[in-house]
């Protein structure tokens, strides 16, 4: 019984989601570039999204069990849309930060300024 | 095909892999051929417009072997990577560009059921994947390490992202009309005479079609919207530092994407594989008349579709050799100040029209308007029916479903061969089967 | 509009980016040769333009100090190589001015014919390249097809297709072959409708108007200040043409000809013509007008060629023989500007009594026209740069000399 | 059992791509390459969505995320990428800290993902039951028109509950996610305007046409 | 208005700077002293009856005979002559201004002679003066951008001078 012949289940997806999530967290922690941090956030959101979709998918469940159905996909859809909006705002902030400081290093932005 | 291989005692996994590779090869061939024919067409049409002859000798008459000859020459050329370039990205970019275009062919139906992967969200998938092409362009432009390339990449990003909005809205208009995003179904709903085509559905769709044409030209970077590679301003834009076969990949990508947007336009608005006159059904070549006749009918349909796609390409070529290029601010203005508002208004118009006169223009002229019962009433009164089908699920779509069942021989061959969707296909068949037996 | 712009010092940018220095040229498709323009850009907006010339410098003035004036003639071909006849004519007239000579009637009319034909050819190249620089390739092929016919005519008359060396000081190398004037007229007849086609393809094209109208506006005062001449000056509304307003030796050549100087004075072009009207967006002195003036001048040149052919056949006498190879030059200096297609082409010859000039000075029109580039390109978009450069219609051969 | 489950194979392939490039995002220093790796990873996630039967979502992921957001991101990278800013390193200590936290988090998540038995997939010996289950859950319908279902779901019509007696198809008095949908729409508009405002910069440059002296150097 | 009338008009305000004239030449000219050039130029441009709004050309002639045998025969002393060709689009008349200069400032070889720039009066002079500086070696104090224009920035010598020697090589490129 190899992995190639066995059907994938929910937990397989969850593992992938976990990997993405953790990568995103590490990315957020270790990057000094504003945009790098932003990319970490995207990864985290995607990991979460994958979980939502997996939970909602009827293909991945053993028969008879009940998932969250359509809700999973709908939440994932909202997450995608919100992530897009978040990216736009974050990018705009990054740009004006860059104009103000001539750098995109998050560690240098330690003062509040109007 | 996989079944055939299994029957001659090939291992199951090998059989499926071979079948998948053959299918991919077939698709690749279609993509490359469309690009090659596009290049040949470009050379001939531009030559006619400019009082020239164009290629005449290569391959005997009409220079029909010119594109392969060009390709051979370009592949033999020196492959130059500038020192300032980001080597890895510079190498990857052309493949991204080409692969994205190629992936679109996966979901592009050529005739009723003749599609590699029949996706429910086909139209959406097509738009999404076609939009990935710009990654190759942006990366190529950035990685070249040249300011002109960077400008080309920036322009590409600004332009294509802007034009995705009206392009998407144009598709949404058709999706609202048909009630499905399945391209095969969209094509089948336009069967019959040419007035069944969506472009003639109502005045709004007619306008939307022209907006689609504008956006399609813009999103495939063709003149007058060819700013990313504007040769008189940016030397060659993102292509400045590319040479040899990497350049060929970009080029192929461009022509293949021209074919794709033309094909999508034909599918959405111009009846897809349905000719202006339903010759196939008049001659008795529908799937109802038997497999062989159905197959011949489909072949005719494919010719029809390809002819429409190339007509679209010819139109784009004609535009390119006639018009000067727009400026970047004018390109964005065209998108945001004209295309988006127009198509939004048309979207509202189409919604109203299909609510009051669901049958289209011809139906509106021949039949008195009947106010449809709302979907809600139906849902309440008949909870077992599919509410999603709402009021669009008219007789025609049911008929189409029947046609699809009969044309399953080819369809299944396509489906089974692509393993990713095999299980899905099986389940789909299972469902259909039970419906039938019921 | 002008006043409004002048009032505010603040320019608002949507997204500010780093300033970037870009070399446009010397290998760039729309710099018409080896011009190099350094652009300081902010995104797509050009904030400063610095032309760098000299890549084609070949010491034309120094060479002239080693050759007699007749030997030097082929070098004038290479100044504005798209209008070599007019370069020859300028040189010939300057030498004649220094020598105090005048040519016969027949020579005069022949000179008018070839000079005006070359003006048509040069303006055709300008129009075609204008289209090319705006991204439309077809007009280029169409105009070159017509130019090719003119070049064929020149090949018949002098054997060369680009560097003619035909109009020598004192005369011409040889008379036209039999039937040449007939072929000239045949060309003009078939060329008439082609002009309409070009107008349809470019002048009245909506995108063309959007790309050129109100772009690179050169006000008349600035044009005069920078010494801009030719169609560039006239498109700014200055009614000035050396064929009419020049020194006697120039204007005498056109005695008895009826034609008009094309300049939009008071916002109007001189005559009713069947060509597309001025679009409301266009401002006098912008790129569109520079293109339009050339297109209308082509028609005037056609009138002149037709009249020249008529007058040549009617004129008595023979064609003049050119001066001797080693004709001695008098002491003194003569400066003469003639109306070449791209503007006023000036030659100065300082004679010291020998056959070789002591000093020759070449004042080229493109040199002055392009010196206004930094002024008119401030704040335009990169795409406008190529439109403006195309509208100035420069030839690096005469800028760098 | 020697029949290859292609679904699993493709899952493994896409999962490997998604995870591999996600790790690459963390490891790679160059910001542009990072963005590229992220693109590939996200595209693979879109593929996983397809495998999970969420076609519409997969396409949406490709279009919005990969096509829109990432282009925006790369745009931003290109706007701000100047030599020293392309790759910025951080100290080893921080790396170690981040890794420790990351690994711990991963361990917890892994434990959670594999421990619940109900989350394990349909075993191979249950395969005979799959079509039946699909039918019961109306899985076929779910695959037939996922987008339509999704749309109706937003409106509160739960088609996936058609065959369930315990939950209502139409929630009385509720409209599903309609409110959330509307809020997000408004939110998006606000975000667009806000982003445009933030990125906008006023500055003074010397206007060439007014020859007055420059009041403030740029 | 011919050169003689213009000369009469100039005589009143600028008598000390008018150093010579020739009204019988092919192109009649007036010679002025270099230091008074900008004022005269401004006067020529702004005076309504003169209105010389166009500067066609600025050029220089090097009167120097490197060949000693021939040098004995010439009538002039070695010098440079700057020539300004002016005309008016309003009044339709022409004028040639000349400025005589020593070949070297203070006759010390290598020190370039100087003439105040007129680029503030006619913008045409901007590039033309750069060209004269580049090829003939005359400095124009007051010029906004005194760089070489045709030759490379690091070129040595001024090619149009009669005693100019072409360098043997330029950045490793043999020039002879």
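Read from first to last, the chains carry the letters A, B, C, D and E; within each, the first residue is number 1.
Just so we're on the same page, a contact is a pair of C-beta atoms (placed from the backbone, for glycine too) under 8 Å apart; a residue touches a chain by one contact, two chains touch by 3 or more.
Given the structure is predicted, the values throughout are model-derived calculations rather than measurements.
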Shortest chain-hopping distance from chain B out to chain E: 2
Just by CA atoms, which chain is the most central one? B
Rounded to the nearest Å, the gap separating the Cα centres of chain D and chain E is 72
Centre distance in Å when chain A and chain B are each reduced to the mean of their C-alpha atoms: 31
Starting from the mean Cα coordinates of chain C and chain D, work out the distance between those two points in Å. 60
Centroid spacing, where centroids are CA-atom means, of chain B and chain D in whole angstrom: 25
Provide the list of chain B residues touching at least two other chains, using ranges where the numbers run on. none
Residue ranges of chain E touching at least 2 other chains are none
Residues of chain C that touch two or more other chains sit at 15-16, 375
Residues on chain C engaged by chain B in the complex (per definition of touch): 20, 22, 28-30, 44, 131-138, 141-142, 145, 201-202, 205, 207-208, 210-211, 381-386
Which part of chain D faces chain A closely enough to touch in the complex? 1-5, 7-9, 11-12, 15, 18-19, 22-23, 25-26, 31, 34-35, 38, 41-42, 45, 48-49, 51-54, 56-57, 60-61, 64-65, 68-69, 72-73, 75-77, 79-80, 85, 88-90, 94-95, 97-99, 101-103, 105-106, 109-110, 112-114, 116, 118-124, 126-127, 129-130, 132-134, 136-137, 139, 142, 146, 149-150, 153-154, 158-161, 177, 180, 184, 187-188, 191-192, 194-199, 201
Which stretch or stretches of chain C touch chain E in the complex? 53-54, 57, 59, 61-62, 97-98, 100, 222, 224-227, 238, 240, 245, 247, 332-335, 337, 344, 346, 348, 350, 358-359, 361, 363, 367-368, 371-372, 375, 400-401
Enumerate the contact residues on chain A facing chain D in the complex. 1, 3-27, 29-33, 35-36, 38-40, 42-43, 46, 49-50, 53-54, 56-65, 69-71, 73-74, 76-78, 80-89, 91-96, 98-99, 103-105
Touching residues on chain E, where the partner in the complex is chain C: 25-27, 53-57, 59, 61-62, 83, 85, 89, 92, 94, 96, 122-124, 126-127, 135, 148-152, 159-160
